[in-house]
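Below: the structure, in structure tokens.
All chains are identified by letter, namely A, B, C and D, in their written order; residue positions are counted from 1 within each chain.
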Amino acid sequence: MKHLTKAIAIIAITCMSFITLQKKTKVVFFGDSITQQGAGKNGYIPKMDSLIKLQGLGENYELVGAGVSGNRVYDLYLRIEEDVLAKKPDVVVIYIGINDVWHKTTTGTGTEPKKYEQFYRAIIKKLQAQNIKVIVCTPNVIGERNDVTNLQDGDLNFYSKMVRNMAQSLSLPVCDLRVAFADYLKANNPNNADKGILTVDGVHLTSAGNLLVASEMWKTIYAATK
Amino acid sequence: MKHLTKAIAIIAITCMSFITLQKKTKVVFFGDSITQQGAGKNGYIPKMDSLIKLQGLGENYELVGAGVSGNRVYDLYLRIEEDVLAKKPDVVVIYIGINDVWHKTTTGTGTEPKKYEQFYRAIIKKLQAQNIKVIVCTPNVIGERNDVTNLQDGDLNFYSKMVRNMAQSLSLPVCDLRVAFADYLKANNPNNADKGILTVDGVHLTSAGNLLVASEMWKTIYAATK
Amino acid sequence: MKHLTKAIAIIAITCMSFITLQKKTKVVFFGDSITQQGAGKNGYIPKMDSLIKLQGLGENYELVGAGVSGNRVYDLYLRIEEDVLAKKPDVVVIYIGINDVWHKTTTGTGTEPKKYEQFYRAIIKKLQAQNIKVIVCTPNVIGERNDVTNLQDGDLNFYSKMVRNMAQSLSLPVCDLRVAFADYLKANNPNNADKGILTVDGVHLTSAGNLLVASEMWKTIYAATK
Amino acid sequence: MKHLTKAIAIIAITCMSFITLQKKTKVVFFGDSITQQGAGKNGYIPKMDSLIKLQGLGENYELVGAGVSGNRVYDLYLRIEEDVLAKKPDVVVIYIGINDVWHKTTTGTGTEPKKYEQFYRAIIKKLQAQNIKVIVCTPNVIGERNDVTNLQDGDLNFYSKMVRNMAQSLSLPVCDLRVAFADYLKANNPNNADKGILTVDGVHLTSAGNLLVASEMWKTIYAATK
């Protein structure tokens, strides 16, 4: 009887370990059209999946896209229950801000800095209330010129700074896409083109752009979850 | 004993009636700076209170302002729990849209029509889930010229139509401030001034403007609650 | 000899009269992309030419396009010498204002009302200094909805009113395209579409739109030159 | 007699020299409200006059303001004959571009880059046709933050680059106010304020701002005219 009990205990522990091993870290990417496209073929999410598998961690992570075209920060807040919380993620990567800045100069429907931060913090609060780990990203580019002559470079810098400050005050990891893109374009945009390197139109990502996002985000996710 | 019981019963019933009579209909006004100012001295809320008392219904209604300067429709959604639901109102009057339209042309931070309707409906849904009676208002004016030459007349008409359509599809009473202001200005703005009649600056209300809002809203509230 | 001289004189005078009869009224259409396209196949200028020929006046008028895509009123002023005065027209039809209004809400590069009038008057002055007859047009539409809900209906009404007032103060004929388009759309846009009737995109003209412009302008030109 | 003739000749030559010495270099400052205010008490023009006198060159230069509030580049073109050419200047300093950029984000009435350059070149051409020496300035600041987070820093950099490129292609001296202001603010804006150092409101100059403009412009003018 004693042996049998012991055997059962061993089996049980093994099974539990197995189940524990099987429990993947679920990462939801919460954003706009860049993330919506990022979930598609050649998008940053499948590319990140490949990076993870290369690192031999394919069994440990489940990546889920939650991007909707045209979203500003307040749209994320409106759909957070249904599109994020309902999926019970372990980690949420928030990548929002391009439309909040961009559409100030297209249709006059951007988002004030104060409101951007207010909604951003409200989103973080809702995620943290569910013990979800939150990673934030700075908004990368609107235009690819590398001499600070893109129309909204000043404003993107301002919103990026807000994101960094928020992250610092809340002790959250930051994936600084703005810096990563700037560094890449400094080195790889010799003709100072305003699009065509990392983006097709100044905003939406090329394959190279998706790879850069995948790589930068994965570094941050890995550091935050390993 | 019998008499005593009877007496107590009568007293109890009387008290209950009294309590019932005392139960006021609580109306919350949910909006932007116009409503924030509307709750102040000479604002539309105290003016409406006077109108109600004149009608001998002073004991029946309690009016509460919940306006915050600079608010767009999504800001209402962000603060609805704290600023409205927590107050347990019987009726909520939603009066929002001026900044959603106006700030397209000032700081580029207005609200897209689709988003305006989406958040507006989300607000109504949250209110109705608490059995709160909802009244909606059309956004009145940005500029007072009465020959359809104000910069944003077309857009205000568009958003007003959205409000009317939403109200119809959800069977909600509408307080059509846009029509009320247009009618008033048709009759009372002989020099076609762009401000100074119902507003001090094209948007924020004069005493006459506050009285017009008070009177129009009260008609709608009374019809919906009598 | 005397008879011969007389005969020659008569022939000469007849020839001169004939040449005088042959002198066509040259009309230059001065505007933006609508006029640039209007000079093309199916544009309003060839359509007007057909209308003139139908009326049997084909020998009397020469129609010349001078439209450049993206032009605001100040662009006309910049190129008036080269593109208009150098052509020695008898009549100039100024049709400008769509971009001055429209681009306020697209790229933030519209034209202030005060500046619109200032440059418009400077153009008229330069034309009148050459004894050129000037005809002005109101800016027709940005969006075809017929219930005054197009984004910039208010502003277009305002600029149209400026054009009418200028014309009145300078005793110039007006081709009121704004009214003509509004009337047409009232009758022929039963579904309140925002494009597809007189314009392909809310601004640039369909064949029907070009015909309406041709017909309205021709009425004004004929009245001013017959 | 010979001596007398000689004496007269000497006197005559001396007088002519004197007259020649008396011929001051007339410098017209052609710009917007910054220049309009710059011509007032404590403005950059009287400050420059003081600098010139300190250098002992007070007799050599005449400084004339030609700034009009709200001007974009095309407004300069409209009023160049009356306000500049009629004054027969030797040197014209063109300082324009703030409103062309700024009003994209306030009233939607900025100026497209292409048009900015087109009108700028047309102005230069008109000045050079009169053998006037032309000096151009880069547009300095809209907001004083020194970490490239001002709303329109990217766009101002873009327009400044256009000015530098134009100047290079036309071999004109440039007064690079954008660089001068950036350098100053790097050293003298420790709290990264958005106004209050060189400007009162992010655009219009303080006494320190006027002094910096006076000093920078004078260096360029002196180098171009000595």
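Operating definition for what follows: a residue touches a chain if its C-beta (ideal position, glycine included) is under 8 Å from a C-beta of that chain, and two chains touch if they have at least 3 such contacts.
Everything numeric here is computed off the predicted structure, so don't read it as measured data.
Asks: Chain by chain, through touching neighbours only, how many steps does the shortest route from chain A to chain C take?
Replies: The least step count works out to 1.
Asks: If you tally the C-beta contacts, which comes out ahead, B-D or A-D?
Replies: Result: the pair with more contacts is A-D.
Asks: Please tell me whether the contact surfaces of chain B and chain C are same or different in residue numbering, using the over-half criterion.
Replies: same
Asks: Quick one: report the Å distance separating chain C from chain D, using the average Cα coordinate of each chain.
Replies: 40
Asks: With centres defined as the mean C-alpha position, give me the chain B-chain D separation in Å.
Replies: 54
Asks: Rounded to a whole Å, what is the gap between the Cα centroids of chain A and chain D?
Replies: Taking the mean C-alpha position of each chain, the two centres sit 47 Å apart.
Asks: Using the touch definition from the top, which residues of chain D touch two or more other chains?
Replies: Only 104-105, 107-108 qualify.
Asks: Once you draw an edge for every pair of touching chains, what topology comes out, line, ring, star, complete or other?
Replies: If you draw each chain as a dot and join those that touch, every dot ends up joined to every other.
Asks: So in the complex, which bits of chain C are touching chain D?
Replies: So the residues of chain C in touch with chain D come to 70, 72, 74-75, 77-78, 103-105, 107-112, 115, 118-119, 122.
Asks: For chain D, which residues are in contact with chain B within the complex?
Replies: Spelled out, the residues of chain D in touch with chain B are 105-108.
Asks: Once bound in the complex, which stretches of chain C touch chain B?
Replies: 104-105, 108, 143, 147-155, 157-158, 161
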